[in-house]
Structure formats: C-alpha cells, structure tokens
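Reviewing the structure listed below.
Note that the chains take the letters A, B, C, D, E and F in the order they are written out, and that residue 1 is the start of every chain.
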Amino acid sequence: MINIHFPIFILTLLLAFATIIPLQKRPFDRRFQVIMMSVLVVSLVMAIGELIYVIDHGAYSYTFGSYERGIGIEFLVDEFSVLMTAVVIVIAFFILLYSIRDLEHEIDPSRIYSYYTLIFLLLFAMIGMIFTNDIFNMYVFVEILSITSVAIIAIKNKKDSLMASMKYLIMGTIGSITVLMGFALIYMVTGHLNMTLIAEEIVLVWEQYPLNILLAMGFILTGFGIKAAIFPLHNWLPDAHSSAPTPSSAFLSGLVVKAYVFAIAKMIYRVVGPDISTNIGLTDYILIFAVLSIIMGSVYALSQTDIKRRLAYSSVAQIGYIFLGLGLATDLGISAALFHVISHAFMKSALFLSAGSIIYLTGKRHVKDLSGIAYTMPVTMTVFCIGTLGMIGIPATSGFMSKWYLGLASLDAGQPELLIVILISSFLNALYYLPIVISAFLQEKPSRETIVVVSTQGTTVPRSMKISMALVGAGVIIIGLFPNIVMDIINMAVPTFIE
Amino acid sequence: MQILNVILVIFLIIAAIAVERTKDLLSAVIIFTSYSLVMALLWLILRAPDVAMTEAAIGAGITTNLFVIVISRTRRQEK
Amino acid sequence: MNITQLRLMVELALPIIIIVIVLLELLLIPFLGRVSRRRRVRRVTVRIVIFLTIILMVSIYPVVINAPLEWHIAHVFGNGIIFRIDLLSLLFMIFAGLIFLVVSFYTAVDIKNFGREKSFYSFFMITYVATLGTLMAGDLLSFFMFFEIMTFASYVLMVHQRSQNVIEAGSIYIYFGIIGGLSILAGILILSAYTQSYEWLTLGEKFGDLGAVRYVAAGLFILGFGVKAGMVPLHHWVPVVYPKSHLSVNALSSGILMKIGGYGILRLFVSVIESTNGQSEQMLNGSLLTLENIGGIIIWIGIITMIVGVIAALEQEEMVRMLAYHSVSQMGYVIMGIGVAAYLGFDGSMGFAGGFYHMINHGIFKALLFMVAGAVYFKTKDKNMYRLGGLYKNMPFTTIVAIIAAFGITGMPLFNGYASKTVLHHAIVEAHVYGHSSFFWAEQFFMLASAGTAASFIKFIIQIFFGKRAEAHKDVKETYNSGTVAMVILAVGVVAIGLFPNALLDYFIIPAARTLNYDAQFIDNYLVGMNVFLYDDLSTMLPVYSMGALIYIVGMRYHLFHFHLPKQLNPESGYYQPAYDKFIAVTKKVLNKMEQVIIKSDVFIYGIMLLVLLISLLNFL
Amino acid sequence: MTKIFTFLMLGGLLFVLLTSITELPTFGESYAPAHNEISNHYIEQGPEDTNSPNLIGAIITDYRAFDTLGEATVLFTAIAAVVAILGVVHHKQDKGDNHE
Amino acid sequence: MNDLIVKMTTKLVLPFIQLYGIYVIIHGHLSPGGAFPGGAIFATSIVLFTIVFGLRIGQKRLPHHVSSKLETSGIFVFIVFGLTGILMGYQFLTNQEAGFPMGEWGRVFSAGFIPIITFALGIKVMSAVVTLFHTMMEEE
Amino acid sequence: MPIEIDFFLNNINYIGAMVLFVIGLYTVLTHPNLIKKVIGINIMETSVFLFFVSIGFISGANAPIVEQGQAAETVVNPLPSAMILTGIVVAIGVTAFALSLIVKIHEAYGTIELDEIMQIRSAEKND
C-alpha cells in the first residue's frame, strides 16, 4: 500500500535534495556526486515500484490532504505518467552522469551547485506536471519549469545564451499567462479545477457557454503551443537549445518540451474531452500545426550549419510528429504520440549528448568541420549515428517504431496524406543528418590527426560521459527492438485519454 | 459601489496606457506601482482582502523595489 | 550428439544460429589482424563462417522441400517476427552464400592492397547477414529491417575508397536507397494497416479485397524494390556508383544485392499466389485481376529496362560502366520474367522459373565479368576498353574466363545464360499466347535486347583481349592468386549450369513453383523435363548472334558507339550534388531571411496565432 | 506598416475578447457556474475541516497546500535562478563569514 | 545614504514594521493576510535597513547562509508536515484527519498545522525577498 | 445584439481585464526595451488576476472571513482569491528572474534595447 505514495516520495525527495544543495559548503566533489546519483537511483527504484503497482492495480487518483476529488488537489497516477516519470528519471540520470565532467568547461565552477539545484527543481516540476490532475496546480508547475528551464540556459553566462534565455523567458511567460487566462475561462464556466470534474461539467455547460470554452481552448493551445514549440511559435527554441550547456540542451529537448506536450494532451483529451475537441475542430488545427512543424522544422534544420541548431530545429519537427499523433484523436494516434514522446526523449538526448562531447573535445560546432571526427571519437560518433538512424527511421531503432505506429495510426484514421508527410520528413531527416555521419565516419581529411583538441581535460572524452552516451544509445536500440516494453504500458493508459 | 469599481478600472486602463507611453523608465515604474495599488484597492472592493494585501506588499512594494534597483544598475531612459 | 540431433537443432533455430554465428565473427574481426599474419586469419575466418552457413542452409534442404520452415520470435518489434524459409528463399540463400564466398576469395586481391580490412570485412559480414535475413524474413517488418541494414551496410562497402568523389557518388546510392526504403515502408504500412497483418502469407490472403489500395501498395513496393533492382527510371545510381567502387563490391552488388530487389517483387507476387487456397471466388478473381494488371505493367517495365540498359551499355567506353549498364539490362530480363509470373496468375510458372533462374545465372556470370574486368584493371590500371587490346597473349587464362562469361551473358548454348534466357523466352511467348497480343512486340524487343547484348560483348572481348596491343601493356603478366580461384569457381558454375540446365530446374525451381501453388498441370506440361536444346530454341540464338555481330560491325565502322547523350540527360554527369547544394543554398537564403523576421517578431507571431486560432475556433459557432 | 499591422492584430484580438464577454456569466451574480458545490464546500465545511476563519488561508495552506508548496518552490527557484545568474554573493559571503 | 534623520527614523520605524509583519504572518488563518504579505512586509523592513545603512551592514543583518538555511527549512517544514499525514495513514498534507490538534476557534494556536506552515512560509518568503534584494544590489 | 451602457457597467471588470491584457501585450510587442517588456508582462499578469478575482465575486457578499455555519451565498468564492495569491507570488518570481537576466544582458551588451542588441549580434555574426 505504501506504493501509492511513491509519486509523492519521488517529488519530495527531489525537492528536498534541491533545497539542500545550496547549503553545501564543500567543493563539488565525488561525495556529492555519489549522493546526487543515488538520489536519482532511489527515485528510479520508487518509480519502478510505482510502475509495477500501477500495472497490477490500474490507474488511481491520489488526493492531497485526504479531501475528496475537487476539494483538494489530485494526482491522477496512470500508467503513462508513471512510465514517463521513470523515463524522465532514467534520462536525467544519464544526463547528470554526463554533466559531471562536461559542466566543468561549460559553466563557471562556482555555479555548479546552483546548476544542480535548478536541475532537481526542474525534475520536480516536470514530474509534478506529469502527475497532476488539477489545472491550477499544473500552472504552478509550469511556472517552476519555465523558470528553471530558462535558468539552466542562462547559467552559461555567454552573450548568446543570455539573449536566448531572455527571449525564451518572455515568450514562455506570455505563454503561461495565456494558459492561465484559459484556465480562468474554464474555471469561470465549470467552477472546477480538477480535470476529471471539469470534463464532466464541460459536457453539461457546453451548450450554454460554447464561446467561453472555445476561447479557453484557443488560449490554452496557444500558450502551451509556445512552450511546446509548435511551428509558428517555435522561434525561441533553436537559440535556446543551441546556446545552452549540453546537459541543459539534452534536458530541454529530450524532456522538458515533452512535459508540455503531455500537458496539451491532457488538456485536449482529459479536460475538454475527445468528443468536443474533435467537434470544434481543435484536433484538426493540431494536425495542421503538426504538419507545418514537421515540414518546416526539417527544412529549417536542413539550412543550419551549426550542429546544435540543426538538432534544435529537428526537435521542432519531431514535436510535430507527437502532435500529429495527438491530432488524430484515435487510440492508435495517441498511443503512437505517447510512444514517440519516449522514443524521441532517448534519441534526442543521445544526439545532444554526443554533439556536446564533440564540442567538449574539439570545440567545433560547424557541421563541415566534423569530417573524419569518428576516428578521434568513435564512441561518440557511434551514439550519434544511432540517434541519426533513429531519426531517419531505420528499423531496430526506436525512431522506426514511432514512425511505424504513427503511420499505422494515420492510415487507420483515414488520413493517408499524413503518411506522405511523415515519409517526406524522414527523407529530409536523412538529408540533414546523414551527411554529418558520413563525413564523420568515412571522410578522411589530410588533417585527420590534427583535429585540435581544446579540452583541458585531455585528449579523450571522459569515461563517465562515454558511458552515459552509450547507455542512452543502447536505450534507443532496446526500445526499437522491443517496443512492447513501452507500448504495452501506453496501451493501458490510452483509455484514460479516450473513453 | 459599482461606480467606484468603474472609475478604478478606468484608472487602471489609463495607468496602463501611461506606463506604455512613458519614456522614462523610472516614471513608468512609479506609475506601475500606482497601478498595482489601485489594483489592490479594486481587489479590496471585490472582497478579496488577502489578495489585496499581497498585491500591495509584493506587487507594489517588492516589484517596484526590484525594478528600481535594476534601473539603477542599467539605464533610466528608454530610447 | 549424433547427426540427427544436430539436424534437429538446426531445424529448430536456423535463422538464430546463422545470425549468431555471423555476429560472433563480427566480434572477432576487430581482434584479428593487428599484425599482417593475422590479417590472413581474418580472411580465412570470414570464408569459414560463410562456408559454415552454406552447409547449414544446404542441410535443411530435405526438410524444406516437403514444407516451408517457420520460426516465430516473440516480442521483437512488438508483435514478434517470423522467419520463414521455403524453397524460393532457400535457393536464394544458398546462392547468396556462394556469391559471398566467391567474392570473399576475390576481395583478397582487391581489398588487400587498399587497406582498412577491418571495416571492410565487418560490413561485408553485416551485409551478408542482412541479405540472408531479408531472404529468411517471413514478415514485412523483419524483411524491411534486414533490407535497410543491407542498404546501409552495402553503402559502406561501396564507398570503401572514401575519397571525396566516391562519397559523392555513394550519396546517390544511399539517398536512392533511402527513398526506396521509405516507399517500401509506406507500402508495408498501407498493407498492414488495411490487412492487420505483417506476414507475407496472410498478406496474400487478404490482398484480394483491398480495393484500389492494393495498387498503391504494390506500386510503392515496386518502386522501392525497383530502386534496388535498377529498374529503369530508378537505375541512375548504378552507373554512377559502380565505376567508383571496388570491383569485388560491384561483383557482390550485381551478383546478389540487386537481386534482392527482384526477389522482393517476386515474393510479393508469389505470396499472393501462394495463399489463394480456400479463398472465395470473388477475392480470388480480385487478386488475379490485380496481378494481371500489375504484371502487364511490370513486363513492359522489364522490356524498357533491358532495352535502355543495353543501348546505354553499347555506348560506354569504360568496362565497369558498361557492365553496370548490363546489370541494369539483365535485371530487365528478370523483371520481365517476374512480370510474366504475375501476369499469367496460376499459369505463370514459366515466368517464375525464368525470372528466378535468370537471377541466379546472371549473378554468376556478372560477378565473373566484374572479376575479369578487375583482373584486367589491376594489371593495366586502365578501365577504358578502347585503350586496351591484345591482352590474350599476356593473360590467356583471363581471356578464356572472359569468353566463358561472355558466352554466358549473351546466351550461347551450353552456357548458363542460354538456359534461363530460353525459359524467359518461353515465358514471354506464353504471355503472348495466353495473354494479350501486344506481348508479341515484347518478344521482338526481347530478341533485340539479346542482340544488343551480343554486340556489346563481342565488342568487350575484341576490344580488350584481341586486336592491337597498347605499348604500355606489353609487360603485363597474368598472376594466379585467390582471385583466380574465385573466377574458376564461377566459370565452372557457368559451364556446369549450361551443360545441365535441368538440374536446378528439377531440384529447386519446379518444386518451388509447386509449393507456391502454381498450376500443377501447367508445370507438368511445360516445365518438367523441359529440353532447352531443341531446334526451335537453338535457332532463335542464330539471328540474335548474327544481328549482334552486325550491330558491332556497323557500330565500329560508323563510330556509333561514341554517340553520347547530352550532358543534361546523362545520369552520370553527377548533377545530384550540385542540385543538392543549390537546393540547400536557396533554402538557406530564403529561410535565413524569414528566420530573421520570425525571430524579431516572436510576440507578434504569438498575437497573430492567438487571434487566428480564436477567430477560427469561434467560426465553429 | 508594422504599426498598422500591430494595431489591426491587437484590435482584432480585443474585439474577439470583448465579443466573448457577451456570453460570459454576468459579473457578480451568485448563481454563476463558478459558485458551485466546491466553493460552497469551502464556505460551509471549511470551518469544521480546518478550524480557520480565514477561508483563503485555509485554502492555501490546507485544501490546496500542495499549490502553496509549489509556490514556495517557485520563490526558491527564482532565488536559485537569480543567484545562479548574478550570483557572486554566495562565495564572497561565505568567505567574509569565515574571516569573522 | 548618510542622512542622520533617515537613519534614526528607520531605526525607530523598523521594529513596528517587523512587528506588523509577524502579526500578519501569525494571524494568517484568522484575518486577512498570511505568509506572503506578512513575509513581504517583514522583508520590507530589512530592505529598508539595507537601503539606509548600505548593503554591507544590511547583509550582516541577514547573511546569505542564514537566509538560505531559512529558505530550505521553510520548504522542509512543509515537507515534514506533509509526510506526517502519510505516516498517520492518510495522504500527503492531511491536516485534521491526521490528528493535528484543531484547537479552539479563532485562536492563534488552532487549525492544525496551518499556523505552523504559515509561519514557516512567512519566514521563507521574508528571507527569499531579502536574498533577492541583496543579490540584485550586489555589484560585481 | 444591442449593447447597452448597463452591460458595460455590469461587466466592467471583465472588459477591463481584457483591455489590460491587450495593452500589456502591446507593451511587450512594441517596446524594444526589455524593462518595458517585463512591465508589460506584469500588466498582462495582473489583468489575468483581475479576471480571476472577478469570477469569484458575488455582489453584496462579504469577504471570506467566516463564522462557523455561515450560509454559502453571503460570502464570495474564496477559491479564486487563493489561486491569485499563489499567482502573485509566481509573478514576482518570474519578474525577479527576468530582471536579473536584464542586469546580466546589460553587462554583456551594454544596452537593454532589443534592436540594438540585435544589431550588435548581427554585426558579430558577420565578423
């Protein structure tokens, strides 16, 4: 029975650890690193315990303060939330393992503790957002998440990253205000903050106040759209993700954006309900934005020369895939979208981490400078190659399975034109990712031996970075070969989105 | 009571426009402070005394202070 | 453990055993070859492993001839994957093993001098296991996985030289491959979305009642496999990539990899035919009608492929490029046979046999021809046929082998090409007799293409081995090494199949056709005990050769072989890279402008978006 | 040009928003949908549940205390972020203390 | 700011502001106010002190290490009282049912953990605001 | 629909909130000065808060400081007020963070005007 409290334990553990970090007096040493990693391990163990419990007993609602639903705040602990939490913690574990050595040269050493405080708060907010079933509670978590995610960019303290984070902060804050306005409108006509109760109420008041609900959904979609970087609102993303320190990029691209996407999924399916959403055409708009994101994100990525910017724009496209699945409003569509949430988390983290270690060792960001780099850093480029193949959708990587599910879903929903979009974007992915891999692995330059190593740490990437990259890459393959590990759990959770 | 409400709202709108028009950042901040105080007053009329207090203390007091500090550290005039 | 137990074990887990063996070898490869003595060990282990897999595959022949073997491996790709070996795939697998084995002998000559053996042999083995996997796959997902792995692994082999222009040429291969792969993926997705199944077999069952979608799916499959097979509008990568890559890779690619494309199309059709048992009349008719329509188109695509290939081949100066175009042309024969196999439905066994047979024969003699070209090139360092000549004195062995191979490809009786071409000829005649009258013209084109092939190889042999010898090549001497072994094996294969053309037919192709549900009566009447050395068939070769000789003489006399297409139409002019660069440049220019605007006006966009979204949502009311 | 567009856009937005007000529940009505069983529960049961006369205090620290934990975390986050960005205070201060 | 009058006035006013802040905090569950306005008011006093007497002396009033400890403890009080609910077999942050004494209506010490949490939060808000100021005012 | 003056007077808070929202957005949109942008964001935030509080208002009702056993209609809805209390604190957090970023940007670029910063950046890019 203690299992039902595990989400709370995870949250409080992360929060408590985050608040303790600033009290540290000792320098950033191995002891602290071990404690930090073990906190994540403990959370992971709890998340897995929770996962087992939820798979056995089904989704349940956790009400704070023992008040009944609606009076107090409620967590809806369903299968996907728990799985997502586990994935978040796993990826966070790898990224933090990676960051221990990488941060030394990315940010000022005196700020490392602040960085980890922010990271743990970010995890806290993200997991809270995943679980919460209360719209205002979600707003609070959204704000924590947006502050932390901006701060972990700005902490780099370079000109570019400061400006990028300012832009991100302005856009993000406007986004959360808009979301709050939407919540206000929803609260106005339903009188509830609890998503389940709103969904029940909204069916009744829908006839009476349709304008209100439409307005609210417009506000919410735009607000979360900014944060989830749907196409025309994506403009903060490339700067932010490319100028951030590598671990932050991996966090932002791999996890944070997904939390917002999941929030949108909740809003569309759990709050307004699939019937009304399809009825008012909300899902159609999402499809349009998804297609735009997919195509334009890929085309933009094609024209970038900075490797991190290329990855960032590719995120826009990949988020389009998720929205594509969500916009289909079918069981298959949602499960495909949720699968892609997890699969993309692994792939993009792998790509960002490997790109980061290229920058760590050579200081090179331009894609043309990467010829023959695989001779110097084989592990890194192998991981990069796995991520790339995943993005293109080669079987045995998780990217293939998400494309497979998305394609099946779009055909199942009777919209084969979306399949064409997916295929075109896959080809564009190949166009902008493969040259990097090809030139890194196959092209030999006369200066192969003379790739300048700027790192002060030595001539190789540190072992902890290599291990974390390799494990994330292995995750891509494992999910690609055995998608049922993830898909079975997602299929259990889909009924909570579509009845 | 309604009239007072209307007057306060109109004052809010005017204050907001004034903030927008003022080139001098410090003045803008001061106008914004008065905006916050009127907002607090409005909330008092709307029977939300806690919110009014919080807005007066945090929205008007702390925010203004922060703005003033930052303006003193950057520059006062908007271009 | 006695032999029966061993056999049982093999039967129980053959695909796994093969994959595990090859993976173990893959693990071994990097450790061998730190010093030059061990490099030889590496080559030997590669050969041993391939040989071992061949033995394994041959050992299950007695089982497979009775019933296809199936293996289910749960959980992979969600629904589990299926390996299924029937006679069709078994023959292909054995054949693939043989080609890989022979090529691995030849690589010793080719790659040894070039270096980077570790990478080469690793990807060689990956390509091998992927090829076998593609052939073994019983469901679409695993088929696609192995197919893509094969594409990528063979790409690395193709660009093994790794200079800038090789990589540029290789990009064309990989991007064509990706486009092909994506269209296959689309086809698979459509099929499995509409039939709810992933297996080749159940797919065929449900193919009949799909409506217009089946044409779309089949079209996508043909597009995808056509890229790999070098079907005509999609063959551009062949002449671009072949001249830039190693000759052993060419032999491999032409010998087996291109055949996988043909195998894919064939498999699609035969699985429809195979699974017709117990179908309703209506569905059966639907399937057959579809097959007939698609088959008709495929036959003509095949005809066009062979004509275009042969004409382009006639105009080449470089021998490798010429052979590349001949690969395209010969794949045209195969595709035509496959087309007949689909077009005639249950009566298409002749086309099936022809296409199947010719794939194997072509694999053998084309690999041999590439090796011959390699042997010449290694000695003379020249690929231009017009600059070579008179080498028969220096390289008598190579000359003999080349002549054998040329006899094979042109269809000289008593050599293997003759047998399969005769079967194909029967097939196209049947298509004419039992099908539409327009295939009369197809037959004429078939003869014409054969004549062109003859002319082309007369030119090949005479230009290289006879005539005037260039001064620079006076001191060229034949050397005998493991490459020679490879050539001898293949030459013996050419002659052996040519002398006993019925052996393959009787032991593999006819049983395969029977298990694949082709009309038994038809098979008994036409295929069983077929004698290719009848006067009717032999006499068809006479006009072919005489016309070939005529074309050669006229062509040489009037310099017709130096006629070239304008640069814009020539696929080899390499306009892909500039086009790609241009595309990137334009997008960059346009987008950078747009990007600046977008970045500057982010809040503005937000406002517009909010407004548009609100208005359009409110429109609902 | 940009200015005109801006005004058009914002004017349109304002127009849409104001139009929507015609359909909102009227301000200050006691039967508006927001005043439902939840708010009644707070008002009627609140004193018994929490024993606190100030219902807002009861809500923020009891009924919806988790929000307030989040709120406290926001403040903490803001400070962590500000210190992380501007942060010279921490180390200087520690050193200063050690000297004393 | 070296004006004596300002300094004296500040010293005079300071206790009253602080007293008012504490009053607002601890009467959070009884009257309008609570942790956030109360904390802010209390913080205002220290901010005023800092403005008048300079950053260096102001920081000594509430050094950074103290304020960070206060912040941490604010959240920790919250977490600990929340976990008590779980310990008693209820959910996180359970008040009455978890057995916190409800006390007498209208008294300061009533309403279970509400006043404790309010107090902890008030201190936390105070130290947070002060830290914000000190950090912002600190010139590099 | 004929709109009377009463309608305006009755819904003045909603109208005010909407107008303030747009004014805030306009401030964020048109001013390149970052501090102005932050003020604009604050205006937007307060407008949403005003909207929220107005939802909870019942004319003639008292503030939510109750006696035991009080009837529900005599007290305004306390839930929006409680939420706004949280919202205000969140807003100050965001504002403080944005201001500290502005300080840093001023140190890095020497200006807080967005268009000047853009010029500096594009000049740097071209170098």
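As a convention for this text, a residue touches a chain if its C-beta (ideal position, glycine included) is under 8 Å from a C-beta of that chain, and two chains touch if they have at least 3 such contacts.
As the structure is a computational prediction, the values presented were derived from the model and not from experiment.
Chains that touch both subunit C and subunit F: A, D. Using the mean of the Cα atoms as each chain's centre, the chain most removed from subunit A is C. With every chain reduced to the mean of its CA atoms, the largest distance from subunit B is reached by C.
Computed from the mean C-alpha positions, the centre of subunit B lies at a distance of 10 Å from the centre of subunit F.
A separation of 24 Å divides the Cα centre of subunit B from that of subunit E.
One simple way to say how far apart two chains are is to compare their mean CA positions; for subunit A and subunit F this gives 28 Å.
Residues of subunit D found to touch two or more other chains are 6, 10, 13, 16-17, 19-20, 24, 32, 34-35, 38-39, 42, 47, 49, 53-54, 56-58, 60, 62-71, 73-79, 81-83, 85-87, 90, 94.
Across the assembly, subunit C contributes residues 603-604, 607-608, 610, 614, 618 that each touch 2 or more other chains. Residue positions of subunit A touching 2 or more other chains: 15, 19, 22, 64-65, 136, 140, 143, 147, 150-151, 154, 157, 170, 174, 187-188, 210-211, 215.
By the contact rule set out at the top, the touching chain pairs are A-C, A-D, A-E, A-F, B-D, B-E, B-F, C-D, C-F, D-E, D-F, E-F. Looking at the complex, you find that subunit E touches subunit A at residues 65, 68-69, 71-72, 75-76, 79, 82-83, 85-86, 90-95, 97-98.
Across the interface of their complex, subunit E is touched by residues 47, 49-54, 56-58, 60-62, 65-66, 68-69, 72-73, 75-76, 78-79, 82-83, 86-90, 93-94, 97 of subunit D. Residues of subunit D that touch subunit A in their complex: 16-17, 19-20, 23-25, 32-36, 38-39, 41-42, 49, 62-67, 69-71, 73-74, 76-78, 80-81, 83-85, 87, 90-91, 94.
The residues of subunit F lying in touch with subunit D in their complex are 1, 3, 7, 10-15, 18-19, 21-22, 25-26, 29-30, 54-59, 61, 64-73, 75, 77-83, 85-86, 89-90, 92-94, 96-97, 100-101, 103-104.
Of all residues in subunit B, only 48, 50-51 touch subunit D in the complex they form.
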